[in-house]
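Here is the structure we will look at, set down as structure tokens.
Should a chain be cited, it is by its letter among A, B, C, D and E, assigned in written order, with residues numbered from 1 in that chain.
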């Protein structure tokens, strides 16, 4: 069941989705929510009324986000506001936490990630993820990159070789490691390890790349390399990035979502909410919400 | 061997101490270093060229500080600059860290704390300490307060009762706990626990009270109570307090020492240094050192 | 400007594309895990089951109340129960004393980096890896015969079991002391308490539940241990309960071993019944450990 | 401006406190003495083994000890070729390890990756009970169940009698499986969560994560655990004594009775050799060999573990 | 409550003594019934009977521990004696009766302890050796030797074995000698069928092993080393022999008779014709593998520990019953007479008052 809903605003679309609860294709009118640049603004992913409980604790609620092709979307906000929680909903990594319960919906190209049509393994292959701390496997550089393709199919040696080279090149790491592919991945520097993890994610040819504070463990030079890399690949792989570094969000992202926490009526612990979601330019230049403004100024001032 | 050195400036005194290396009585001329108010400015404690190594690492060096009767002295500075290290030298708590090596001297009423005339246990009884996180013993409220007196002598039941009551009253906790002295100290709130720890310190009748970030684990209301308490008891117990909260330092202290870190010539890790020590008014209103100014403004602006 | 582009609808896009072979392997793997887990469970069930089947006919008061007998009908294990209690309690107390002293010395007094500390630590690790039968040899050479010449008595057995459970106890006592927050020690020191006062009045009370649980586990090892005592003459027909360190003795595991090797089939039932008694004692010990652990959690 | 009053000796403890501080020095000294008793035990073990072994090797040449394949020290004339014991020891150990290591790993994988909290909470105590079952009970289990119902049924290459290395090996394997499980679980728990998530994020299944990421990452810990399992299996006495008999067969047929180093010591101990006899000294010579082997195995596992720690630091 | 004569008592009261008025009575097995009987009618019954005069000695048995060690062959006999003795002394001295611990370190190991003054009595399945005599002399230990029972070692084969009804000692030696390679019955004697021969032996630490090797090969512990399955547990031998047509094993006569439905007893020929193993041939010594069993009592123990003397007296007085209940071959009448002489010698040892 596919509906064309051109000219509908996000909130309207959301309202309809709420009613139908079914698989839909959503699109976005180019109003204030449209992309900051002229790239395609096709919707790749969208969350609708997303909320996550850990046990009884409501960690984050009412998140309506749209991820667009060719763009980098940044999630910012104070610690504990649920950024990681949200980004982990986007490729069903939260399935791995037994207490986590996801409410609402996340659509990927019109398919509900949590619906019967979606398989967690497949979701994760399509929607790659890079973590805060570089987490190479205790294997060789080559085997790290080859791991994904191998579990997802039975590539021949030649295919694997080619794929490893292409992925490493894509992650701007090839030149540095091509002579020592058989060495342990732990022999790389932190920044190289993180690029290896990006190469590893790219090797399974994902459609989206999620990054949870990918530079927080890196020095400025390594960070700059990763940022360059993101800018380079974003046309092929839309990126969602969580960052604590507002300068980074301002530098690299096209859209920014600002999250904050608030304590609910009869809750004891604060719950994360999506305060504002707009083009990065708007969020940083003229935020509509005062909380956003305070946060931005407090941190950047 | 006792010398009277009235009218000597601190630096002169220090110079003499360096030469003699012996037990001296020191006093302070009322020049720029004198107290901010009209309270007695007798010197209770003084550190001379104090420096601390942890193994090979020089954590803090060249600290010359003077603690005065009836005053609250605040130690401020960025994380890792050695505030805790210094304050722990003042009652020989650093003896408990096997790698720690203390250089220079710390005088208490003219006696070198690290000299042959001083005994660590006795030093600690005389110079009480309150820690960052409330650390009540897993005993009843009563037994917590009674612990110090008991290990330092054999008070009778009546003496102990009286001492516990007096100390709890002094720490402004008596009214809240007098009906449940036999209950576990863990049944108290964080702020109450911290006041209990103060009461516990007061129960051994110390001459000085050291506090290492005593409010950092507390909420604002509990913090206010502790600050009031400090102001109340400072005439009896001179207080040295480490704090990260500059407003707090400005609010409660009479003198402030600002520490900073710098990387030595061939060191790899930064070493703490005492940048400036003056009345709190001077430090916050017109610091002489630009680093102090930057730090104060950066944090308070 | 309203350039609206619909995301292309790619239904079935996220369907499970895992190959059949891969799924098969997944199932096979899980099957393997299940199998081994089942093996463990089945082992326990058949072990207890076969023992119960064999032994339940002799599981009566006369088993516990009687002394050994050449006749399976009225053979009992009273001497073995008392022997076990004697040996386990004495070795438990001695090793508890040594373990506490060692742990207190290593954790509270000694410089963690000192040579002696390292030597003792390595040494304890080495002892922990020594097969128990080797302790039996030591006991045979030095304690039963040789230097001490205590003979095959409760004292000898206690000494040997002490050596055997000592490493376990020291490690658990050290863990328990390590788990005491250093803020507690600092709090006590800051009030002028001496090291010993700090240890006795603050550290030990907090560490006791941990030490107790560890010790009970050590003691239950001693209770079930048979190998070194084979060398120490505990196999004999002993018809009296020990009265002191110099008494003859036998213990439950060795009575079981003896009955198991007895030619008359009926003795197997006595052995099986004795096993059940031994297992019940072990379960009781572990329950005590659990209760101590839970209680200590609640109290403060 | 007044000078702080000075009283020298003010920071000295008085009376009771002073006495206490003095007695603490004695306490510390006593504690140190007790703490070193562990070292004494080790020296005692070594000394107790070496002295009679020296006498033994004075009577029996090392060449005969390691050069012959007949072990009948308590026969007349005696034979002192230790190989049957070594073969027996390693047969039983290998069998045990073949069961305990994969078994322990499998259960550890199951508990740590597959089982729900509820199942885990029920399974763990069962494993703890199994781990606490005394070896003599396992020995009883071996001769009453494993021997006749398992070993005799699965071994098709020869007739399995009442005693067999197979029955002993299987039972020892079952006995050390819970310990292997615990150690493997610890090793797996030390694998950073981020690695496991990294694997799932690439679309790997649980199995692929277990075998492709957790296993290699925990490998050194697992090997160390395996080595400890080996040393436990080598040191096991009672089960082998009961299940594998007392014949030191020089044979590679595990359906046959065999004797291990430990079970020989236990066996010889049953018969209470007269002090000073060569039979008595064999106990020590074999004990020394056993001690040396397990000592090296334990050192090896400690080495591996300390290497392992470096990886994720 | 006072029991009356002829009142039936329980098996657990066996040998308990009670005092009624001035008379002592004792719980005994009714003659003609047996502890070992499977036939219901013959199963043991117990009754109170007048106690013998000599049992008053028991009143001297202080709260003492009697240490016995030695032969594992004699062990079951002494263990039964100990059990009964304890029953008796317990009833006389209430709770503080004498205690007996019985070890089974083997005759040699036992003598070592005996001569080191660690035990009071040593069970022996052979006479004391010259070396042991010297050892005891060195520590100044004097003792009295008492012949306590007869023992016969029997060779058993599978019931389906129809050929080997008797074997000569030479044939036995051929099979069992050190270095023997016989693995087939046909090599034992021409005419025996082509049937694999499997051997089951006793563990090296048992007295049975020592005796068997001595009987067959003339030298203790000298025996073929390969092709024999050894076991500490005679029952394993029974199982092994009964499940293998070509099997051969050996153990004590009493145990063989008990299991005569599962294994077949083989007659032996020392050159004077085949003799079947049974009580009579063992007692009269015509059976080639018959031997005497002893206990060695330390004289000093008798002098200083009243309980030891009481125990030996008790042992000897009730030997017939004890032998039956432990399934041992009892002494002949002549041997019994000689035994009384030994006991009298013991009675003459002067007691020392503590």
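As a convention for this text, contacts are C-beta pairs under 8 Å (C-beta built on N, C-alpha and C of every residue); 3 or more make two chains touch, one makes a residue touch a chain.
Since the model is a prediction, treat every value here as computed from it, not as a measurement.
**Q** I need the rotation angle between the copies chain A and chain B from a CA superposition, between 0 and 180°, in steps of 5.
**A** So the angle, rounded to a multiple of 5, is 175 degrees.
**Q** Could you work out which chain's C-alpha centre is the most distant one from the centre of chain B?
**A** E
**Q** Which chain is the middle one, judged by CA centres?
**A** Looking at where each chain's C-alpha mean falls, the closest to the middle is C.
**Q** Would you mind checking which pair of chains has the most C-beta pairs in contact?
**A** Greatest number of C-beta pairs in contact occurs for C-D.
**Q** What whole-number Å value describes the gap between the mean CA coordinates of chain B and chain C?
**A** Once rounded, the distance between the two centres reads 48 Å.
**Q** Determine the centre-to-centre distance between chain A and chain E, using the mean Cα coordinates as centres, and give it in whole Å.
**A** 86
**Q** Nearest whole angstrom, what separates the Cα centre of chain B from the Cα centre of chain D?
**A** That pair's centroid distance is 53 Å.
**Q** Taking each residue of chain E in turn, which ones touch at least two of the other chains?
**A** 103, 105, 232 - these are the residues of chain E that touch more than one other chain.
**Q** Among the residues of chain C, which ones contact at least 2 other chains?
**A** In chain C, 18, 22, 194, 197, 233, 235, 261 touch at least two other chains.
**Q** Which chain D residues sit where two or more other chains touch them?
**A** Answer for chain D, listing residues that touch two or more other chains: 17, 21, 205, 270, 272, 275.
**Q** What topology does the chain contact graph adopt: line, ring, star, complete, or other?
**A** Other.
**Q** When you check every pair of chains, which ones turn out to touch?
**A** A-C, A-D, B-C, B-D, C-D, C-E, D-E
**Q** Considering the complex alone, what residue numbers of chain C touch chain A?
**A** It comes out as residues 1-19, 22.
**Q** Can you list the chain A residues touching chain C in their complex?
**A** 2, 4-7, 23, 25-30, 40-44, 108-111, 113, 117-119, 121-123, 126, 151, 153-154
**Q** Chain C touches which residues of chain B in the complex?
**A** 91, 93, 96, 98, 121-122, 124-126, 128-129, 131, 133, 135-138, 147-148, 151-152, 184, 186, 197, 200-201, 203-204
**Q** Across the complex, what residues on chain D touch chain B?
**A** 1-13, 16-17, 21
**Q** Quick check: in the complex, which residue numbers of chain C touch chain E?
**A** By the definition above, chain C touches chain E via 62, 66-71, 73-74, 151-152, 233, 235-240, 247-248, 261-265.
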